[in-house]
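Below: a set of structures, written as structure tokens.
You will see chain A twice below: alongside chain B first, and alongside chain C after that.
For the complex of A and B:
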């Protein structure tokens, strides 16, 4: 029999994995490409609505919708990257913030137009709904699934960015664009693919999040704050940093709500401000 | 054209004098702010909202437009001023000017204390720190419901007539006159500050903070000063809102308010003193008109507006106008 603190810990980690899946794409785009993309959660919302639409109108299986939500988000993001974002790679932080806040506003209104402002319920398959009993703790199967997906995504991403030809090209293009071009790397294409990867992951995260946090047009803003916190606390461009920060924030949030509910969301903001004052570049940040 | 590159063949004294000279268009602008009294008497409460928001945008312009300090949590000071003025009138007395003063002192004090944190950071970390501090204050006000009324808002704010004569009426005559007068006074002070050597130092910090120590300027001390002044002005703006509407809701501390004022300032043109005022007017009037048609979709239009401004008008409406004007006068 384990004391309830382990249950809180597990729920915190599961929630952290959810936040990690939502934010890891931004860690890629912001950390590697230095682009402040506040529309990131709008892409997550797009992925979530793709899943909802496929399940409700076309009666797809939940798992079958996940790759589609990744692909659709990635494709849409490439179109936006080629038309709008690429012109601002060299602009100031502020211009990037404003353009992407603008896109997030548009996405909220468009989502409200097509789907209404109500919560969109989905039903994951029955065998994902239950919970298993481990040493007296009730562990939700869906939460366990989230943790597994989070770990798999981390391993795949680190492998891709550290050990493949594509990863080497991305890092070269980020460190020195002119030199990378000189070596024959297609920097434009590399950036487009990186951006698509980051946004696609956001779409996947959004689709996985509906079961836990629900979905309405405010999604694009509500979770943006969490994503920004995780990316800045973890350190820009560090996948491992995002992973650690997501666990830290997830556990602080769940533990805070469980033990000191009157504090509300106070604790995670406090954790963020404290970490940033101690390490301005984030836990694993290099710059 | 920025003010820094007109320095050909001028002594510093004549340059500073030329900076601070009043132009005819400025006088016309301030006379035009009196027009709502006669032309749109039914819109006076909107007009006073615009004046309050313009003052708030002016305070952000000081730190963002001049010193280049990007804040995503500036509503903290606006809300602090609003709650201070509201609580002061509820528990002590309702004389408006003293309430304004107390709000300014409290906002300035908190601004001064947080300026030690803010002046240490730049770029994304700065954005996140200001955002975090703003959200912390929002949560604090939400949990201290015995004092602030929590999510129900602060009730029981009662404000006495201005000078003991002009009551805050339903039509907003007094509210607009009061808000406009304070906006004007704060504007004069800000204008004086910007056209001083201190204002030049701020612009230096914005353009290149690394080089400022080379000319003997202590950038952090300058940022602390201007951040405190900006907090005071934002607090005053919030206090006027609390006094003229006689209520305070949690919304004054929200992230949306911080984001909206940033949008207004950039829309009008940051670093131009009038940018925040024009941006606030355009934004508030547009919101009033669009949300009359369909309230949920108002954000669609503001999103489009933002994308267009960033893509086509990098220096805001005023920047675009002055470019047009200089091209036209050169022909």
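For the complex of A and C:
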């Protein structure tokens, strides 16, 4: 029989993975492209609504909707990137904040218009519900699945950005745009693809989040806070940093609620302050 | 000369008729969050108001009823107060009504008290609201009315040891204290409690903690919306078996939209509440059928019932005053009013102006493949325990 602390650790990591999937896209766009995208969670919400629609109106299987929610979000984000975002790549942070927070507000209104303000129910397959008992611990099956997805996404992303031609182009385009253009890299296209990748991941994260946290039009704002915390604690542009920060925040949140419920959900802010005082650029931050 | 006399007589008659005509309408200012996070509830309450007027006509005591709607957009007391003032000063309304949320009802109560206008609170459920204006009545419920009934019922029905989980804000504290006090008074015991952050997406840790203490029952109060589903899933995922650990709560936990989200994890949850569309009575069947007809087959919920019954109080009070609309006359007419509502027998307490009604104990069961709150016990003539204790 394992003591409850292992259960808290597992739940914390699982919750962390959920936050990681929601925030890793922002780590890509904000960290690599230096674009302050406060509409990030609006893309996550879009992915979530895609899953809800496919399941409710077209009776798709939950797993089948996941790649679609990734693709649809990525496509929509490219359109927005090409029409709105690209004009502001060289603008000040404030301009970027104003544009993207405006988009987030619009997304809330649009979602409320089409879907109403109520919660959107989904039902994941029965075998994903409930828990298995491992040495006296309750391991939620869906949470186990989240952890697996989180690890797979991390490995794929790190491989893509560190070890592929595309990754090298992205890093070159970010570090020195003129030089990159001079070398024949299509910077516009690279940025568009990177942005689509980041947003697609947000969409996937949103779709995966519904089962745990539900979905209504305020999703675009509620989770923005968590995403910003993770990105800043992890350090801009670092996938591994986001991963570590998400685990840290997830575990402190769950442990706080379990052991000191009076502090409850406030603990993550303390952790964030502590980390940023110790390392102002975040755990794995370079700048 | 004669023609002129007739002409002027006619003019005077017309002049006299104009204000007389104006006096033939009773204006009701309805303040609800038609937009924003609570828009669905506002829409439902508005549909309840419309349904009552459709079923009972729009004239009472020879007066035409006119509704003026104002959107408060969310929990915004200063806006609610300003809207109430505008309605009274600019639109000359005779009655204020609506109020989904406590802070808005509190703010508008000040205006009602000052302007001496009759005010009908159709949802907001914090106990003290009706003490803020001598001209207000409530047609929904108070949170302590429901949670205390749950506490007493639990202790009397073999669930003596209970853990409580509530959201850490005003209504949550109300629910916690009244449940615990009632449980204790009836011989039960609280073995632990937790106040959960209001903006809280993941309940697993709180539920795990409750489970590790192994209580006989867990009492839950959380705001509707996202949370019932999240907590229901957390209970199921932690393997809390409702046949061993009873899950108790108030009606928000298992209302229709929450049930849709919770799925089978809701089975066995016991709640205390005022209204459910499955309530068996001839009046309710008619009410549900009429509501479905006008609202794409949706079922009415407690917001709809609150709006519908609120209109009933207004109509009956106007009948008693013969159409007189001053606040004093209307509120006196409403005091002690007794009637049969879709949710069962109701009365406006003549002392507190709050609602006295039957609280139903329901259990979520599967009926014909659908999750339903099945009423299996009830407590009649329940008053608000907080105001009863104030005396």
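Note that the second predicted complex is superposed on the first by the 287 of 287 C-alpha atoms of A that agree within 3 Å, B and C clash if a C-alpha of one lies under 4 Å from a C-alpha of the other, contacts with A are read in each partner's own complex, and residues count from 1 in each chain.
The rule we apply is simple: a residue touches a chain if its C-beta (ideal position, glycine included) is under 8 Å from a C-beta of that chain, and two chains touch if they have at least 3 such contacts.
All of these numbers come straight from a predicted model, not from anything done at the bench.
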(Q) If we overlay the two complexes on their shared chain A, which of chain B and chain C does A:97 touch? Say first, second, both or neither. (A) first
Q. Between chain B (first) and chain C (second), which does A:24 come into contact with in this model arrangement: first, second, both, or neither?
A. neither
Q.
Contact-wise, after the overlay, does A:277 reach chain B, chain C, both or neither (first, second, both, neither)?
A. first
(Q) After the superposition on A, what does A:121 contact: first (chain B), second (chain C), both or neither? (A) second
(Q) Applying the document's definition of touch, where does A:201 land relative to chain B and chain C: first, second, both, or neither? (A) neither
Q) Given the touch rule stated above, what does A:105 touch, chain B (first), chain C (second), both, or neither? A) first
Q: Considering only the touch criterion stated at the top, classify A:113 as touching first (chain B), second (chain C), both, or neither.
A: first
Q. A:244 contacts which: chain B (first), chain C (second), both, neither?
A. neither
Q) A:88 contacts which: chain B (first), chain C (second), both, neither? A) first
**Q.** Residues of chain A contacting chain B in one complex and chain C in the other
**A.** 112, 117, 262, 264-266
Q. Can you list the chain A residues touching chain B in their complex?
A. 30, 36, 84, 87-88, 91, 93-95, 97-99, 101-110, 112-113, 117, 221, 225, 228-229, 232, 236, 262-266, 269-270, 272-273, 276-277, 280-281
Q) Where on chain B does chain A make contact in their complex? A) 64, 70, 117, 120-121, 123-125, 127-129, 131-133, 135-136, 139-140, 142-143, 255, 259, 262-263, 266, 296-300, 302-307, 309-311, 314
Q | Contact set on chain A toward chain C in their complex | A | 4, 7-8, 11, 15, 112, 116-119, 121, 123, 129-131, 133, 138, 140, 142-143, 211-216, 218, 222-223, 253-258, 261-262, 264-266
Q.
Help me check something: in the complex, which residues belonging to chain C touch chain A?
A. 36-40, 168, 194-197, 199-202, 204-206, 208-209, 212, 225-227, 229-230, 233, 236-239, 257-258, 260-261, 263, 265
